[in-house]
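Following this message is one structure expressed as structure tokens.
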Amino acid sequence: MKNTFGTSVAITLFGESHGPAIGAVLDGIAPGIPVDEDFIAHQMQKRKSVSALSTPRRETDAVKILSGVVNGHTTGTPITFLIENSDTRSGDYNELTEIARPGHADYTAYCKYHGYSDSRGGGHFSGRITAGLVAAGAVALSALERKGIRIGTHISACAGIADRSFDNIEKDLQDLSSLPFAVLDEKQGSLMQQEIAKARQEGDSVGGILETAVIGLPAGVGEPWFDSMEGLLAHAIFSVPAVKGVEFGDGFALCGMKGSQANDPFRMDNDKIVTETNHCGGILGGISNGMPLLVRTAIKPTPSIFKEQQTVHFKNGTDTQLSLKGRHDPAIVHRAVVVLDSVIALVLCDQLALRFGTDFLA
Amino acid sequence: MKNTFGTSVAITLFGESHGPAIGAVLDGIAPGIPVDEDFIAHQMQKRKSVSALSTPRRETDAVKILSGVVNGHTTGTPITFLIENSDTRSGDYNELTEIARPGHADYTAYCKYHGYSDSRGGGHFSGRITAGLVAAGAVALSALERKGIRIGTHISACAGIADRSFDNIEKDLQDLSSLPFAVLDEKQGSLMQQEIAKARQEGDSVGGILETAVIGLPAGVGEPWFDSMEGLLAHAIFSVPAVKGVEFGDGFALCGMKGSQANDPFRMDNDKIVTETNHCGGILGGISNGMPLLVRTAIKPTPSIFKEQQTVHFKNGTDTQLSLKGRHDPAIVHRAVVVLDSVIALVLCDQLALRFGTDFLA
Amino acid sequence: MKNTFGTSVAITLFGESHGPAIGAVLDGIAPGIPVDEDFIAHQMQKRKSVSALSTPRRETDAVKILSGVVNGHTTGTPITFLIENSDTRSGDYNELTEIARPGHADYTAYCKYHGYSDSRGGGHFSGRITAGLVAAGAVALSALERKGIRIGTHISACAGIADRSFDNIEKDLQDLSSLPFAVLDEKQGSLMQQEIAKARQEGDSVGGILETAVIGLPAGVGEPWFDSMEGLLAHAIFSVPAVKGVEFGDGFALCGMKGSQANDPFRMDNDKIVTETNHCGGILGGISNGMPLLVRTAIKPTPSIFKEQQTVHFKNGTDTQLSLKGRHDPAIVHRAVVVLDSVIALVLCDQLALRFGTDFLA
Amino acid sequence: MKNTFGTSVAITLFGESHGPAIGAVLDGIAPGIPVDEDFIAHQMQKRKSVSALSTPRRETDAVKILSGVVNGHTTGTPITFLIENSDTRSGDYNELTEIARPGHADYTAYCKYHGYSDSRGGGHFSGRITAGLVAAGAVALSALERKGIRIGTHISACAGIADRSFDNIEKDLQDLSSLPFAVLDEKQGSLMQQEIAKARQEGDSVGGILETAVIGLPAGVGEPWFDSMEGLLAHAIFSVPAVKGVEFGDGFALCGMKGSQANDPFRMDNDKIVTETNHCGGILGGISNGMPLLVRTAIKPTPSIFKEQQTVHFKNGTDTQLSLKGRHDPAIVHRAVVVLDSVIALVLCDQLALRFGTDFLA
């Protein structure tokens, strides 16, 4: 299944950045969940650019719901989100269709689709396709919130500048929900934005690391061996363009620890079992342990840069130089924040429905 | 699908570490592939301990093939691998069934299985279940090798000691195939082994990072959005116990680079399209680009340590102390090398069969 | 996966009969297949009513393609078909939302969706949703035709009147492709239409049996045990509303035969292996044998009838009588012909892509 | 997924009739379900032959449980059933490996596996593989029974002799559970057995129709469009060898009815909603309605007959005659009874776990 992910709750993505419309079908979400179109619009807005930092391309990104919602509630049948494309200026891309942009999917798409895929602006590979994920994710996030499950992501690092770590997660998530540039330490956020602006001036780009926390998830969700929480979340997260690494809890940093440091001691907190630390990121044996789920995601620098690059004309088989024109973000890491929230919400809705039944989120 | 992974080529794992037997069913592998039982035994041996470093538990790990192989060739129908357990000394575990070992799945399994799962030695969560993966992986590796696709893993870091990076990958993979402790720089390997021995003396454990390279993979394999090479490989790799992070190419290190550094320039190499560097690890847009596929996997320190730990008795809901007895590895990172090779081989066989048909590997 | 079917080539259906639009996403079809919008329109027209026989409701059923087709060819990425609803007159259904129409899904939908589903005109259960199947099926049929694989369905029986059986299948399929009422014997077709007209006058409805033939399918497609050709085709066919039976070859009639009658003798036809008879419908052991694939599908009488019926008000829990108003077909069997062709084409595209690779149909 | 079926509860089949062992892995069944090895043995016995009617081949069919059961209860992790083959006399099959037995999978297996599959006794296509289904099905049937869901199958027709229909289903199921030859009317059963004996004398074989009833299934199970109860059950049932037709409720007979006859009127039965008749077989819109689920399955005559048959030598490409030797059943319809019960139980366990969560059957 290529553009569909999930078992009990599944998302299907469609569209190309320069076609008439893109969108998503969200299937299997429980009936009776209130659908707040303002919240969807709010999430769509978060996915869009922060003025000075991002692409001057302006999609209105109005989301039309074509099915699955009646009287403001989910029906239980597939919800279809449609987002029309506008302002696409395909002219900027005309010369590119046979020249491989380094870091992009042009050449690999050519190997797979033999030149038939729509390469304008990335086509079906475009980050724009995440708009459908975000629309569907908004419904998933609302459904989870009704069960006391909250998700939030901050920019843990960008262009070499680090944000502080999660501290009081509940409060941190509350704060993050309304921020246009999702950092826990505003000062570090300013430094990041300066670096992004600098990259823009240089015709270059920067990447970053996103850190996501989930609270309120019940213990006992996830399945050995292959439907581990880590495996399923990573599978979905790696589908987001530009993601090149995923780690849970302390992740790669665990490799330098001793077992006596890495193991999280259990203790009773009144009648609840908790762990003293959370190096494992809330997952043991692939199954949630009731502590906050923590996942970190590496976002590579946006591959679209204005600096001249060495590449090939892949139909002619000749070397060439490429200087991109048009509108390109010097960073997408801040725009990916809401995409991560959305993807993780969708996976969790699926896992909870599998574990507790299709009515669990109703 | 919980213990089954794959679509055209699928693996199903079964068994508990202290039951009569464990094993795997490998389904969908092409007919006519030679099955070399010596190679399977060789791989099983690699998964076992290196004398001084690992658990004194000695399974003979003889693999019986119950189906799917006739006259030394795959039939195309399911291959069943059976490995009997022996020497299990369950007594060592008796006291543990209701005390959560920190870093282990005891408590999360209890939340999920309500106390019915076999908790002796980890039961179905035991690293021992990877023996079935390795047996099946041996067939997958042989199938790939016939198509010129080779896979190898080295211990990139262990207990804070770093191995050198891949250099001449073809030669490096050749060298790694016969090494009992898979490092590219023997001296660094000695230092790692000293650290492992030291951890053993301290009743503690260490973790590490594995780096895997795949060469010979054709360009054009992988599917947007959700069946990206990264997503599928990460999904499977996170199923391996103790894995807490997965990154492709330069992974998390990409986040500190500029786009102009991270983008791999394309160039012609005679009539072949290659990239000058390989920061992306051979995958662009989720699709292979024909360069070596590179993936790094974080293995947390073995959670079974002898030092006293704080934990809870999860049925009684009381705090308690735990000092493990029995046989436990101070490191499993070197034993995970062959498991990674196996898991990756299985995913690639599946992806190639989906892309080029069920006879591709025949 | 609820509204998605297929593995390598997959279809996702969405929409409700009285919402703004319905449609389908066709994912995984090979790149480079010509998409003939006239043929799609032709198929949509076949799904619509034959003047005197069917519902006076008139959808224009114009199919918009939102993605996946560029310059008249498939791109290899998801194709989205959108069909706007119009002329829905929801008023006719207002009284029905809590009264179970016998033979319909109102009550079972209520049990599943707790009253949140859109029940107007069947909502997501409406036969109208097959329009998306037919649009996607048109692309699948075109793809198969390029490989010499042809599919056709006739009304084998309707209202107790039988059509003749397939004889010269190639010629029969040719003839069927242009018929508005798909019978092989025109005279029998007239009798059927008389019975349908009579049922209309009585405020009643009739059902029928469809027989489908596929020629040109290579031998060796299908997988034991669970991905048998019969299992996959039946799974998909039973998704079509009103289908209550599926049989392959002589199906239920085989049960009264002796083995010596039912076995199809093999023989050489020049250098090709054929069978003398085709009682098995072209499938042995779940795998195609290269002979015509034959499948018969039972369509129950349309449940929407005007005669007064005994039923319940399922929210109140009271008995009641129901007399339907509005526009209802006295038969859908003739409209289901193109739906069957479409469903079967989609399953075969998937199976061929799995067997021979994603480029097979390219 | 070829030899694996199911989503939340999944079965994987393996083995060949003349290899060392066959079996099944049952994954995802809830923890804590009592496993009664006597009941498994009882079911295995039902699958075996009734003295005079069936193959003289005698497998002891002792089922070894290798995993997933501890202290007589399911653990929630995969249950592995192993059944050793014995008494295989492969000599009888030696001459057959390149001659296509009419009605068998020899030729289609050759097209698919290029001669590598194990063709002795049908290999992986053998009806013997159903033994694994029956073992797993026994656990599924026990799990369902704890929830008040009961399944039973009778031989509705065999060799042209008809059994009476279900009447008092609860009592009929009770009676069927202990019968060696599953008919509701003993006299008709005797006539059937006479016909089977006669077919044996003639070196021929007969087929039949099985009718299965399920009671106690809650309303609201099944999913439009593609995971309809009919679609999922038919998919699984068509996996059973020799099945060529599946119908629900009145199935094909509905096609000759008027809507006013075929629609089942709803009525209140105290505070429960029931239907007056059950032509639809307990399923409307693909979702269970709480009435008995009824499904009928067409079993073709056993293709192994002793009469001389026309066929081909498929490697040489020459016509030839074939007279089978060895041990072959003149009918398998009575042996398929328990296989149908098992398959249906497995599908229902999966559907109930998806609908109500993984603990529903616990």
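Going by the order they are written in, the chains are A, B, C and D; count residues from 1 in each one.
The rule is short, and it goes like this: a contact is a pair of C-beta atoms (placed from the backbone, for glycine too) under 8 Å apart; a residue touches a chain by one contact, two chains touch by 3 or more.
Note that this is a predicted model, so its numbers are computed, not measured.
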| item | value |
| --- | --- |
| For chain D, the least number of touch steps when starting out from chain B | 1 |
| Per Cα centroids, the chain farthest from chain D | A |
| Contact-richer chain pair [B-C vs A-B] | A-B |
| Chain A-chain C separation of Cα centroids, rounded to whole Å | 38 |
| Mean-CA-position distance for chain C and chain B (Å) | 45 |
| Approximate Å spacing (C-alpha centroids) for the pair chain A, chain B | 27 |
| Sequence positions of chain D contacting 2 or more other chains | 1-4, 7, 13, 28, 77, 112, 124, 223-224, 359 |
| Complex interface listing, chain B residues touching chain C | 7-8, 28, 77, 223-224, 354-360 |
| Chain D contact footprint on chain C (complex, rising order) | 1-5, 13, 100, 102-105, 107-109, 111-112, 124-125, 129, 157-160, 199, 202, 204-209, 218-228, 230-232, 234-239, 241, 243-252, 254-268, 271, 273, 275-276, 279-281, 283-290, 298-305, 307, 309-312, 314, 317-319 |
| Interface residues, chain C side, partner chain A - complex | 1-4, 6-7, 10, 12-16, 19-23, 25, 27-28, 31-32, 64, 66-68, 70, 73-80, 82, 112-118, 123-124, 359, 362 |
